[in-house]
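Here chain A shows up in two complexes: once beside chain B, once beside chain C.
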Partner chain A sequence: MVSAFEFVPAIAVLPLVSFVVALAFGKWMPKKGALAGIFATAGSLLLSIWTVLTVAGILGSETAYHEEIWQFATGIGTFDLHLGVFVDPLSSLMLLIVSLISLLVFVFSLGYMNDENETGLPRYYASLSLFSFSMLAFVFADNILMAFMFFELVGLCSFLLIGFWFREDAPPSAAKKAFLVTRFGDFFFLIGVVGIFATFGTGLFVTEAGFPAMAEQAISGEMPGTVADFLEPLGMGAQGWFTILGLLVLGGVVGKSAQFPLHTWLPDAMEGPTPVSALIHAATMVAAGVYLVARMYGFYLLTPTTMGIIALIGGFTALFAATMGVVKQELKQVLAYSTISQYGYMMLALGSGGYVAAVFHLTTHAVFKALLFLGAGSVIIAMHHNENMWDMGGLKEKMPVTYWTFLSGSLALAGIFPFAGFWSKDEVLYEALIHGLGDPVILVAWAMGLLAVFLTGFYTFRMVFLTFHGEPRTDDAEDPHGVRWNVKLPLGVLGVLAATLGFINMVPVAKLTGAHIDFLHKWLVGSEIVNAEFLTGLHVYEDLLPYESAYIAGGEVPTLLISAALSLGLALAGVGLAYRLYAVPEPVEHTKKLGGLRTLLMHNYYQDEYQVWLAEGVTLPLARVADTFDQGIIDGVVNGISSVSLFSGDRIRRIQTGVVSNYAALLTIGLALLLIAFGIVGGWF
Partner chain B sequence: MVPAEYYLLLSAAMFCIGLFGILTRRNALLFLMSVELMLNAASINFVAFSLQWGNLTGQVFTLFLMALAAAEVAIGIGIILVLYRNFADIDVTKPTTMRW
Partner chain C sequence: MIPLQTQSTLPDWAALAPAILLGLTALTLFLIDSIDPNDESPSLLAGVATLGSVLAMVVTGWYLVAGTGMPRTGGAIELFSGQLVVDGMSLFFTFIFTSVTALVTVASYDYLSGRPNQAEYYALVLLAATGMSVMASANSLATAFVALELSSLPSYGLVAYLKNDRGSVEAGLKYFLIGAVSSAVLAYGISLVYASSGALQLDAVAEALSMGIQNTGVLGVGILMVAGGFAFKTASVPFHFWAPEAYEGAPAPISGFLSSASKAAGFVLAFRVFVTAFPLEVVAGTIDWTLAFTVLALVTMTLGNFAAATQDKVKRMLAYSSIGHAGYALIGIAIVTGTANQGYALGASMLHLFVYGFMNTGAFLFVALVEYWGVGRTFEDYNGLAKQAPVACFAMTIFLFSLAGLPIGGGALSKWALLSATASAATLSAWLLAAALIVNSALSLFYYSRVVKAMWIEEPAGDFEVSSHPTGLYAAVVGAAIVTFLLLPAFGVVSGTAFDAAAALF
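And now, the complex of A and B:
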């Protein structure tokens, strides 16, 4: 029987084919290339499901797969560079999520782009396919260089798609910003990749030969030869150097996953078409950063400093972005800040040792955030592309499918029992709490994350009430534009998933009842081979965890209950406040009462201003000085040398008279002299 | 058989006459004739040595030289025509502008 693993590369190649098809023939195809994308991602989804079933061990005994596909640079006496495929529980789960969301986004685009008579559709679908291809290939990458390459491709595709409406002013500028800000982070990532290759002589994520395993050996004392050779002239301890490497790679993660301080590109990226926002935020671009940390988690676990920094960045970003989400007036802006905030939770989970929690939140977030964005897209179609929530209101009766699915996604985002977000966010906070009790840094991050739960509940339901409840506030809201099946179908699928996906990992229930229903946990533990050979199973990570678990109120179960009650209570309080303030027929802008704080929040803490100042006030003068040095000194030397030869050439050319007789005479004299010289040397005289 | 030395003397004499013409005359047509003389001096050398060693290589070369000389004359006369058209003269010391 053929194994699904042999077809794993096809999961990524199918969208690549559809990219080529949509680009070359999209103009003449019935849906301008959408069908190619739909078939390709549907194929990817089927193959992903097959892969997941195989990894689950249902279809045979082989449950993980590692294969080198193409070695594109062979080193002589040094390392080789190759593209490879690695499939384990984590990557197969991610393949499933990415291909599912991509498929639904393609279907939704039929309603959002084709039905709205947009132009340039082949370009749109081609970029979307390339986006899916890059992300899928990134997910199954087996080494960090391949991951970096596809990480960059993902960035390129986001640039193309955010700037899709390039004839307007804002989208190209937002696209450039997204590209430059993420590139700033990727610059550190690139240095980190070079550093990892230099230190370990390999970029492999997995097996004994991979760099996480080598780093572990180096720290536990049995230094592998290559690492020792590198560290000795450096004069640094393994621990310190690995911290630096981890932080360098983290630069790319912070840029892509929109963590503070490189989050500024993400709200602007809302200029792209809404289905693209769904794809960027749920499954591809932004998820890539968090996924990378999860992929090389074995490496990060070795350096507690890096873990602490990840947790702090995550907790801070979760709170920081949530405060900004409170005052935004545009539907997609609120969602953008909620995305930043939710990825903050995932980073918090990773940093505080909650590997399962992070992957769980990544999964549920992918579903409910895609749902919310597609729901917002449906509202935007209905509102004739007006995104201001203050112009909406009362859409509940007019578009019931959108309302109920959006509500399901909002409940999940706010973390209300029993929707998906509750289970995952609760687990994130629980992990941060039990590990934070012994480590004040994690505890601070946990506190920030906990506070953000309240704000999340508030801004989510402020958005829901303003959009769907009350009286219609404009003519567009009075008489919304209808949406078709191609919008409702993806919403329906995701709406059901957002309500139920949390059941894959009901840790509190499992702990209380003793029933083994924490399926995701078991999934990530992986099979024997994943733990023993590939070293990416949960047992490996648990052994490396630098934190001790501590419990309050005498044990695991009370701690769990307190944590769950705390986060649910705060979320409900936020929802309740939003209900009191905004679930009225004629809501007013209560946030205006915040005064100066509101101005600060509306300006996003002046982050953009300060980054522009960094560019214009600091970098530009520096660049000018460098330019002066280049023009004056470097070019000066070159120009000086050339002017010397120009001058001497000008003088020497004067010996040319232009009279033929002179040349003939000179030739004759030369010949005569030559003959005399030969004569003297040859002894004729 | 006449010894090769005589031919060589003849050839050297012709060459020197050609050289003398080039160095002293200013008329472009005389220049051309002088160059022909020098070329033919070389041809005589070829034929003389061909006779001396009894092989045909030198004679074949001479045939080539004749063709070359014909071509050279054609181009030379063309140049002289252009010269005359531009300067109304065929004095080779007049056109000195084709340098820098």
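And now, the complex of A and C:
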């Protein structure tokens, strides 16, 4: 029987084909390329399901797969560069998520783009297909260079799609910003990639020959030859150098996953079409950063400093973004800040050793955030592309499908029992707590994450109440535009998932009852081969974990319950506050009560301002100095040489008088000069 | 490939077949002209001339491939008691002459249409080519002088071919007068060398000098004056004064012929005479002629390029650039010192002349094409030409960029070979030459680009229409462009022969 693994490259190639088809023939196709994308991503989804089943061991015994596909550069006396495929529980799960969300986004786009008679659709669907292709290939990359290449392609696609409506003012500017800010982070990533190749002679993620395994050997004392050769002239310890490498790669992660301080591009990215926002936030662009940390988790675990930094960045971003989400007036803006905040949780989980928790939250978030964006898209269609929540209200009765699914997503986002977000967020905080009790840095990060729970509950339901409850505040809200099946179907699928997906890893229930229902945990533990050969199983990571677990109130179960109660209580408190303030027929703005803080929040802590100042006040003058040097000194020398040349050329030209007797005279004089000179040198006279 | 055994069955004089073929073709043309002096069928004349030169080229190519006169088949073939010699170098240069001749005769078919005295024109071209191929084989100062005159005298007539054009006649006369002065210098130099060695045959001169030099002054002046005579032929400073005017005034195919083939002929003579008759280790005490050639090379390339940069007529710019290229080719003989890989240095110069034969002839033939159309001569007149004649302009772009040394034609690799030869010599003067080569090439890119810019980027000034596409001129221009381009990937094929041929001389 053929193995699913042989078809894994096709998961990415199918969207690539649809990219070409949509680009070349989209103009003449009935849905302008949407159908090509739908079929391609549906194919990818089926193949991903098949792959997941195979990895699960249901369809055969081979449960992980690694193969080099194409070696595009052969090194002579040094390393080779190649593209390869690696499938393990993590990557197969991610393949499933990405292809599912992509498919739903394609379907939704039929309603959001085609039904609204947008122009330039072939370009839209081509970019969307390329986006899916890039992300899928990024997910199964077996080495960091290939990951980097597709990471960049993902960035390019986000640029193309955010700036899709390039004739307006804001989208191209937002696209540029997204590209430049993430590029700033990718710059460090690139240096990190070069550093990893230079240090280890390989960029492979997995197996004994991969760089995480080599780094582990180096730290445990059995220094591999290549690493020793590199470190010796460097004069650095393995631990210190690996920390630097880890932080360099983290630069790319912080940029892509919109973590503080490189998060500023993401709210602006809302200028793109809403389905694109769904794709960017749920499954592709932003997820790429966190996924990369998870992919090379074996490397990060070796350097506790980096882990601490990741946790701190995560915790801080979670809180920081949540505070800004509280005052936003536009539906998608609230969602944008919630995305930043939620990815902060994932980073917090990764940094505090909660690998399973991070992957779990990545999974649930992908579902409920895609749902919320698509729901927002549905509302935006209904509101004739007005996104201001203060112009909405009372949409609950007019669009029940959207309302109920959106509510499901909101409950998940706020972390209300028993929706998906509750289980995953609870696990994130629990892991951070038990590891933080022995490590103050993690504890600080945990505290920030916990505080953000309250804010999340508040801003989420402020959004829900303002949008759907109360009385309609405008004519558009009074008489919304209807939506069709192609909007409702994705919402329905995701709405059900957002309510139920948490059941794949109900750790508290498992701990209480002793029933083994923590399926995701078991999934990520992986099979024998994943742990022994590829070294990406959970057992491997647990052995490397630099933290000790500590418990309060006398044991694991009470700690678990206290943690869950705490986060649920805070979330409910947030929801309750939102209910009191905004679930009234005629809600009014309460932000004025915040006083000076409001201005600060409205201006997003002046993050944009200081970054613009960095660009205009620091970089630009520096660039001007360099330009002056280039124009004045370098070009000046060049221009000087050329004017001297032309001037002397003009003189030389005048020797040619046109009078033949002059020529004869000059010729004779020249010969005579030569004769005299050589005669003197040669001593002829 | 032809089996080598065939070679041994041919008599020795057959090694001169290319020169004989060229000479016979010239005589045939005279015969045709005397039978029918008012022959109005130029295609017969052009056909015979082209056929003769192509035949000579094929025979030369066959000899080169078969290894005639090369070490692997028994070494150089000496004829007439060593007055003439056929070896790799003579064949290599004969190949340059014959291929340039073929290009020129093909192109002339269209260029000359409607003009009188075509038989004389073709016959003179073929006679000049005969003289050049004898120059390549000359192994005695006497034959060298005769051969040089045989190639020069027809050239004077050819430059003045456009009898009713004032520029052409004036240029012919100037060329002749400077040529006369230079021949006098050469003849006097030869006599002084004879006075101090008592021999004219090159090997005999070297042998006599190695016995001991009686009067260093006489010999030194003699050698320097011989060098001067060759400098006239190669259009090197200070014997270059004829060149800008002759190239500008002459019919454009003749400009190409003179600046490529005739120049190369001067070089082959200089290479053979100086390396064979005046070995450096023998005459170093009297005159270090590599120093003389270093000075000549530096001054020639600098003057040629600097003057070319300020011209406003394309043909005159090419004339000066041709002087500059003579300076590049002189590098090879200027660094034939003990420290350098001598065969490599000389081979590099030979290669440059080989590539130059195609790219420079091609450039002049393009000018011939433009003259044929009646477009003006200045850079401005070339504005927007590419819109009218894209194929020819594309070919011209290849020529010009290859002349500048960009890797679009063989010119890049031959310059690179010259550079690496200077690097292997690694003396102060060699570094100086390398620096001058680089600086001058950079400068040359400026003025070559002006033509390219005019053709492709500028808007045409007047409403000019290219009326016709002359087959002969187009064939020659495109053919030269193809060879120039192919010499980039196929450089290795030619370079092996050149280096072997040069190495056999030492």
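Simple rule for what comes next: the second predicted complex is superposed on the first by the 653 of 685 C-alpha atoms of A that agree within 3 Å, B and C clash if a C-alpha of one lies under 4 Å from a C-alpha of the other, contacts with A are read in each partner's own complex, and residues count from 1 in each chain.
Heads up, the rule we're going with is that a contact is a pair of C-beta atoms (placed from the backbone, for glycine too) under 8 Å apart; a residue touches a chain by one contact, two chains touch by 3 or more.
Note that the structure is predicted; figures quoted are calculated from it, not measured.
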item	value
If touched residues of chain A are counted for chain B and for chain C, the larger one	C
Partner chain(s) touched by A:612 [first = chain B, second = chain C, both, neither]	neither
First (chain B), second (chain C), both or neither touched by A:656	both
Chain B versus chain C as contact partner of A:675, first or second or both or neither	second
Partner chain in contact with A:626 - chain B first, chain C second, else both or neither	neither
Touched partner set for A:565, first chain B, second chain C, both or neither	neither
Touching partner for A:683 - first (chain B), second (chain C), both, neither	second
Overlapping contact positions on chain A, where the chain C interface meets the chain B interface	653, 656, 658, 660, 664, 668
Parts of chain B lying in touch with chain A, wherever the complex brings them together	19, 22-23, 26, 31, 92-93, 95-100
In the complex, chain C residues that touch chain A	173-174, 177-178, 181-182, 185, 216-217, 220-221, 224-225, 228, 237-239, 241-242, 244-245, 285-288, 291-292, 295, 303, 305-311, 443, 446
Residue ranges of chain A touching chain C (in the complex, touch as defined)	642, 645-646, 648-650, 652-653, 656, 658, 660, 663-664, 666-671, 674-675, 678-679, 681-685
In the complex, chain A residues that touch chain B	653, 656-661, 664-665, 668
